[in-house]
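Quick heads-up: structures coming right below.
Both of the next two complexes hold subunit A, though its partner changes from subunit B to subunit C.
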Partner chain A sequence: MAIEIENISKTFGSFKALNNLSLIIPEGKLTALLGPSGSGKTTLLRIIAGLETPDNNPDSDIRFNGQSVAERHARERGVGFVFQHYALFRHMSVFDNIAFGLKVKPWRSRPSRSEIKDKVSELLKLIQLEGIGNRMPSQLSGGQRQRVALARALAVEPKFLLLDEPFGALDTKVRQDLRNWLRKLHDELHITSLFVTHDQEEALEVSDKVVIMNKGRIEQEGSPEEVFHNPATEFVMNFIGHVNLFHGRLEKGKAVFGKIVIDAADVPADKLGKDARLFIRPFEMEISSLNAEGSIKAKVERIQAAGVSVKVELKSEDGKVFTAELTHERFRELQLVKDMEVFVSPRNTRIFVEDYQV
Partner chain B sequence: MSIFTKNRTALPGFGLSLGFTIFYLSLIVLIPLSALFLKAASIGSSEFWAAATGDRAIASYKLTFGASAVAALINAVFGLLTAWTLTRYKFPGRRFFDAIVDLPFAIPTAVSGIALTAVYSHNGIIGAYLEKFGIKAAFTPLGVTIALTFIGLPFVVRTVQPALQELDKDLEEAAASLGANRFQIFFRVITLSIMPSLLTGFALAFARAVGEYGSVVFISGNMPMKTEISSLLIIVKLEQYDYAGASVIATVMLIFSFLILLLINIIQALTQRNTGKG
Partner chain C sequence: MQKPSEKASTYTENAFAAIKLTIIVTLVATPLNMIFGIAAAWAVTKFEFPGKNLLITLIDIPFAVSPVISGLIFVLVFGLQGWFGEWLYAHNIKIIFTEYGIILATIFVTFPFIARELIPLMQEQGSEEEYAALMLGANIWQIFFKVTLPNIKWGLLYGLILCNARAMGEFGAVSVVSGHIRGETNTVPLHVEILYNEYNFAAAFAVASILAVLGIITLIIKNLLELKIRKQTH
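Let's turn to the complex of A and B:
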C-alpha cells in the first residue's frame, strides 16, 4: 500500500478526465497505467506527483505510505517524475542536469560538492553512460536523454518513480531496448514505480501489475497474465491484443452468432433474447481442412506470413471478415492458399451481454 | 567548392537574390559608412586624435555608453519581468498592456522627449516627488538614463516574449518535482534557458540607446561635459561647420558600437552553443 488514491476526480472545463477513481499502487512493484489517449492516465500520474490538483472533494485523498500528501506541493512530495519529452535543462551539461535536484536542496541538507560528484558518477554508471557528464543534452540521442532524465529523477532518492509515457518519443528498436533495461533497473532498485503507456505490449511485457483505464475510470487491474487471459470487461478484451468481434443473440441454453453457436447453459432468464457480443482472439481460432462439430466454413482472403506467426484473413459464409493466427508449422501443414475453403472453430470464447459476461 | 559553381538546389534564384542583397546593403549601409571613414581620414592623424579625445568628446562618450549600458541593463531586468507577466498570466487588460509596450517604438522620439521632460522636471508629477528626496532627474545624467530606458524597453520585451512562450512547461515541472522552489526555478531554469534571447534584447536596447537623439536632447539639458551625449556633440560640431570634427566623433562611436555588438554576439554564440540551439 505504497500509494493510495481515494475518490479522485478531475474536470477540465466540461471534460471529466478522472471520475471518482480509487487505486492502490503496491510497494516495490512496477505498475503500468494503460489506456487509450484521453483515458485520464497521464492526469492521474500528474495528480500523484502534485503537478495537477484534483477537483475539490472532501472524500478524496492521496496517501504515500499511509500519510496524506493531498495538501503538499510537488516539490515536497519526494517523487521522481520522468517526462515523455525528457524535459532536460538544455543549458546545463548532463552532469549539472543530474545534480540539479541535489544542488537546489536547502543548504542544511545539501550534500557537499564531492558528495554530489560521487552521486552523479554513480548514477551515470547506473544508466550506463559513464564519461558523458560534460556533454550537453543536445548532443545525446533520444534514448540517452531519457536515461539521463531518469538518473536526474533518481538523484534525489525519491520514494516513488513516476514515468509519463517514457518511451513514447523513441523509435521501436530503442523503445524495446530501453523498456527491457528499465525492467532490469527496477529489479535492481525495487523502487515503487508507476508508468503510463498507451502501448499494451509495453505494459504487459514490463510491469508487475497493469491498471487499465478508460474514460477516467479503472476497467481492470491485475497481473499482466490476468488481464490478458481473463479480461473483465469488453473494453479490456478489445484493448489488450487483437480480437475478433461477432454480434449475436442469447437464446435458451445457447448463444447464436450467425453460424457460430455456443453452449451457454446458465444464461439468466432476464438476459434471454438480448444482443450479445462474442470475442475470439485470432490465436484462439483453430483452422482445419475438415468439417468438425461446431465449426464454420470460411474462405481464405489474405495471408500475411512475415512475422512470428502467420495471420490469415478469412471470410465466413455469411460475409463476416475475421482473422486467425497460427504457427508457421501449422500453416505449412494446412497448405493454405488464397481462396481456399477451410473450417474454423474457436478454442476459447468470451461472450458479453450489456455489462454481463457469460 | 566555390559559391559560383552550379550547385543544384531546390531553391531558385540564388545568384539574383545574392546580387541584390549585396547591392542593397552596399547602397544603404556600407557606402555611407565608408564615406564617413573617408571624411574622418581627410584630416591628419594628430588632428584626428585631438578631435577624438578632446575632454568634451570623452565626457560625451562616457555619458552615452555609460547611460546606454545602465538603461539596457535596467531594461533587461524589467523587460524580462514584463514579458514574463504578459506571457504567463491571463488578466483583464493584458492585450492593452501588451500594446503599450510598443509605444516607445511608435511615437516620435521628440514627442517622448517632451513628455519625459514634463514629467521629470522639478515641477513635473514625478520630478516634484523626486525633488523631495533631493534627487534631480531632468537635466542630469539620470534624466538621460531614464530617456534611454524608455526607448529601449520594447526591444527586450519583444525578443524575450517568444522565447518564454516557447519554453516548455515540462522544464518548470521537472524542476519543481526535483525540489526546486519558485526562486530557483526562475533563476536556474527559466532565465538561463532564455539567456540567448535576453542577450539579444539587451544588445538591441543598448544599440538603440547609443544612437538615440530625439528623446534625450530635451531631458538632458545638453550641458557640455555634464549631460551632453555624443550624438548631440556631433550636431553641435556640424552647426559650427566643423564637418571633419563631427565625422571623427561619429567614427569613434561607430567603432565602439561595432566592438560592443561584436562582443555581445560572441557571448551569445557561446551561450547558444551551451543551450544547443542554433
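Let's turn to the complex of A and C:
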C-alpha cells in the first residue's frame, strides 16, 4: 500500500509550513522525511495521520492505496502513529497501554479478553520486553518506552506506520541500537513506514528512501546513496554531511575560487561573471606534501585524530579556513603536525550558480 | 409569647434547617461546578478557538469581584425590578429570596476553584496522550474517561474539596440573595450571623463550631491529597 500526497499546503497564520507539496510514499518501504526544524516535515506527517487539516484546495488530495482519505477522520484512517515523546498513557501499565487500541474497538469487532492477552504477549516478545507487562511507563527507560509506544501502535494492525522523530529524545548509544532494531523490525514486518528526523545520519542509515524537505517544499527525494552522492540542490549538499564552501566567480571556460580553478567548459554566456559557490566534502580533499598542479598551499591549523578518520583544519594562503578528512594510515604517512605547510587538491567538486549546476 | 421549651425546639429546628439547606446547596453546587470546571478546562487546554482568552478571563471573574457584588448582580438580573424580573414573575418563577437563588449564587462564587485547579495541570500534561488515543481508534468519550479523567483525578479531587469548602462557607453573595428567612433560606453561615446579631452568643458559637470542624476536616483531606499528588508527579 502506498501513500500518495497531492498539492498539499498548510498555512499557520502568515507562515507557510507546507507549500503545494506532492509526494509518493512507496509500499512496504521505510521512508525518511529529513529536514531542519521548521521545514514542515512534522506538519506533513500529522496531515497524513489526519491530526492536522491541510489548507482548502480543490486540487489537493491524500490517497491511501488509491483511495482518497482527505475527508476521513484520523480515527478511521487506520494509521499507526508513534509520537516523539512516546505519549504513553501514564496511568496505565505497559500491558494496558498496548491493549488500549484493541479495548476501545466497538464491541462487534473487539477481540476477546484472551485474544487481547495473546496479542499483547506476542507484541511484548516482538519488542523484546517480555515480562514487563505490569510495569508503569514511569519505571521504563527512554528506549523501552519508545518500543512500548511502537508496540501499542502496531497492536491495531495499522496499514501504515508514521513515526515522529522516534529517537529524538534518546541518548546517542540507545539511539544507535534502536535505529538498527527498527530497521530489523521493518525487514520482518514490511509495513509501509514513514519517519520524521532532523538527523541526516539516521535518515541515510535506516531508510530505503529519503525525502529532504526545506521551507515547506521537497528539495530532493531518492535512495540514501542518491541524495548523498548526487545532491540536487545547494541545500541538500549543505544539509547532508559536512561540506567546505568557497565563494568565487564564473569565467569563460572555468570557475575561479581564489587559488582553486575548476574547468567548466560549457558555461552559458549569460552566466559569465556570476557569483558561484564551490562545495567540497572534507573526505574528498587530497592532502599532499608535494606541490601538484591545481593544488593550493595551506597551513595545518588543528588536528583532531580521535575518531574513525582524522579531521584536519587548514588555512589557505588567502586566509580561508576549511577542513579535510583522511584515514589514519594516510595521516601517519604524511606525518602531519600543527603549522606544517601542505598542498591540497579537491578530488570531487560541485559548483552551484543560482539555478544552474556545473 | 412562646414557652421556653417551644422556643428551644424552634432554635433546634432552625439550626437543622440551616444545616440541611447548606448541605443541599453544597451537594448541588459542587457536582455542577465539577462538570462546568472540567468542561471549561478541557476546552481551554485541548482546543484552539477564537475567544479562548476571553473565556479564561471570565473564569476568573468570581475571584476578582467581591461576593456581595455578585449577589447584587443576581438581584439586578433576577429580582422583581430586575431585567428578567417581570418575565419570571409572569411565569411564577421565584429565584431571589429562595433556595434557587442561593444555589445560583454559590455556583457562581465557587466556579473558578475546579477550573483553576485543572487548567495548569492539563496544560502541563499536554494533549499528546489524547492524540495517541485518537490514533488508536478511541472516540471522544473513551478518550475522556480512559485517558483524560484518570490523568487529572487527583487535581480534580483537590479542586472539589476546595469548591466544597467554599460552597459550605459562602456568605457574601448568599447573604444578598437569601433574604434571611429563618428555617427556609438560611444557610449555616447566615444563621451564625443572625444568632450573633441577636446576642445569642452560645448558639452562634455552637453553630459556628460545626462550620469550623468541617473546615478543619477539609484542610486535613486537602493536605493528604497534596502529599499524594506530590508523590505522583515526582
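Convention: the second predicted complex is superposed on the first by the 357 of 358 C-alpha atoms of A that agree within 3 Å, B and C clash if a C-alpha of one lies under 4 Å from a C-alpha of the other, contacts with A are read in each partner's own complex, and residues count from 1 in each chain.
Rule of thumb we're sticking to: contacts are C-beta pairs under 8 Å (C-beta built on N, C-alpha and C of every residue); 3 or more make two chains touch, one makes a residue touch a chain.
All figures in this text were calculated on a predicted structure; none of them were measured in a lab.
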Please determine, from the superposition on subunit A, whether subunit B and subunit C clash or fit. clash
Does the superposition put A:M340 against subunit B (first), subunit C (second), both, or neither? neither
Taking the superposition as given, does A:I132 touch the first partner, subunit B, the second, subunit C, both, or neither? neither
Taking the superposition on A as described, I'd like to know which of subunit B and subunit C A:H91 touches: first, second, both or neither. both
For subunit A, which side has the bigger count of touched residues, subunit B or subunit C? B
Between subunit B (first) and subunit C (second), which, if any, makes contact with A:V261: first, second, both or neither? neither
Now for A:A169: first (subunit B), second (subunit C), both, or neither, which partner does it touch? neither
Could you say whether A:I24 touches subunit B, subunit C, both of them, or neither, answering first, second, both or neither? neither
Does subunit B (first) or subunit C (second) touch A:L245, or do both, or does neither? neither
Contacts of A:K105 with subunit B and subunit C, given as first, second, both or neither: both
Listed stretches 8-16, 44-52 or 206-214 of subunit B, narrowed to the one that overlaps subunit C: 206-214
Taking the stated contact definition, name every residue in subunit A that is touched by subunit B in one complex and by subunit C in the other, in rising order. 49, 51, 74-75, 79-81, 83, 85, 87, 89-92, 100-101, 104-105, 149, 152-153, 155-156
Can you list the residues on subunit A that touch subunit C in the complex? 49, 51, 74-75, 79-81, 83, 85, 87-92, 100-101, 104-105, 149, 152-153, 155-156
Under the definition above, what is the set of subunit C residues touching subunit A in their complex? 128-129, 131-139, 142, 146-147, 150-151
Applying the document's contact rule, which stretches of subunit B touch subunit A when the two form their complex? 168, 170-171, 173-181, 184, 188-189, 192-193, 195, 271, 274-277
In the complex formed with subunit B, which residues of subunit A make contact? 49-51, 73-81, 83, 85, 87, 89-92, 100-101, 104-105, 136-139, 149, 152-153, 155-156
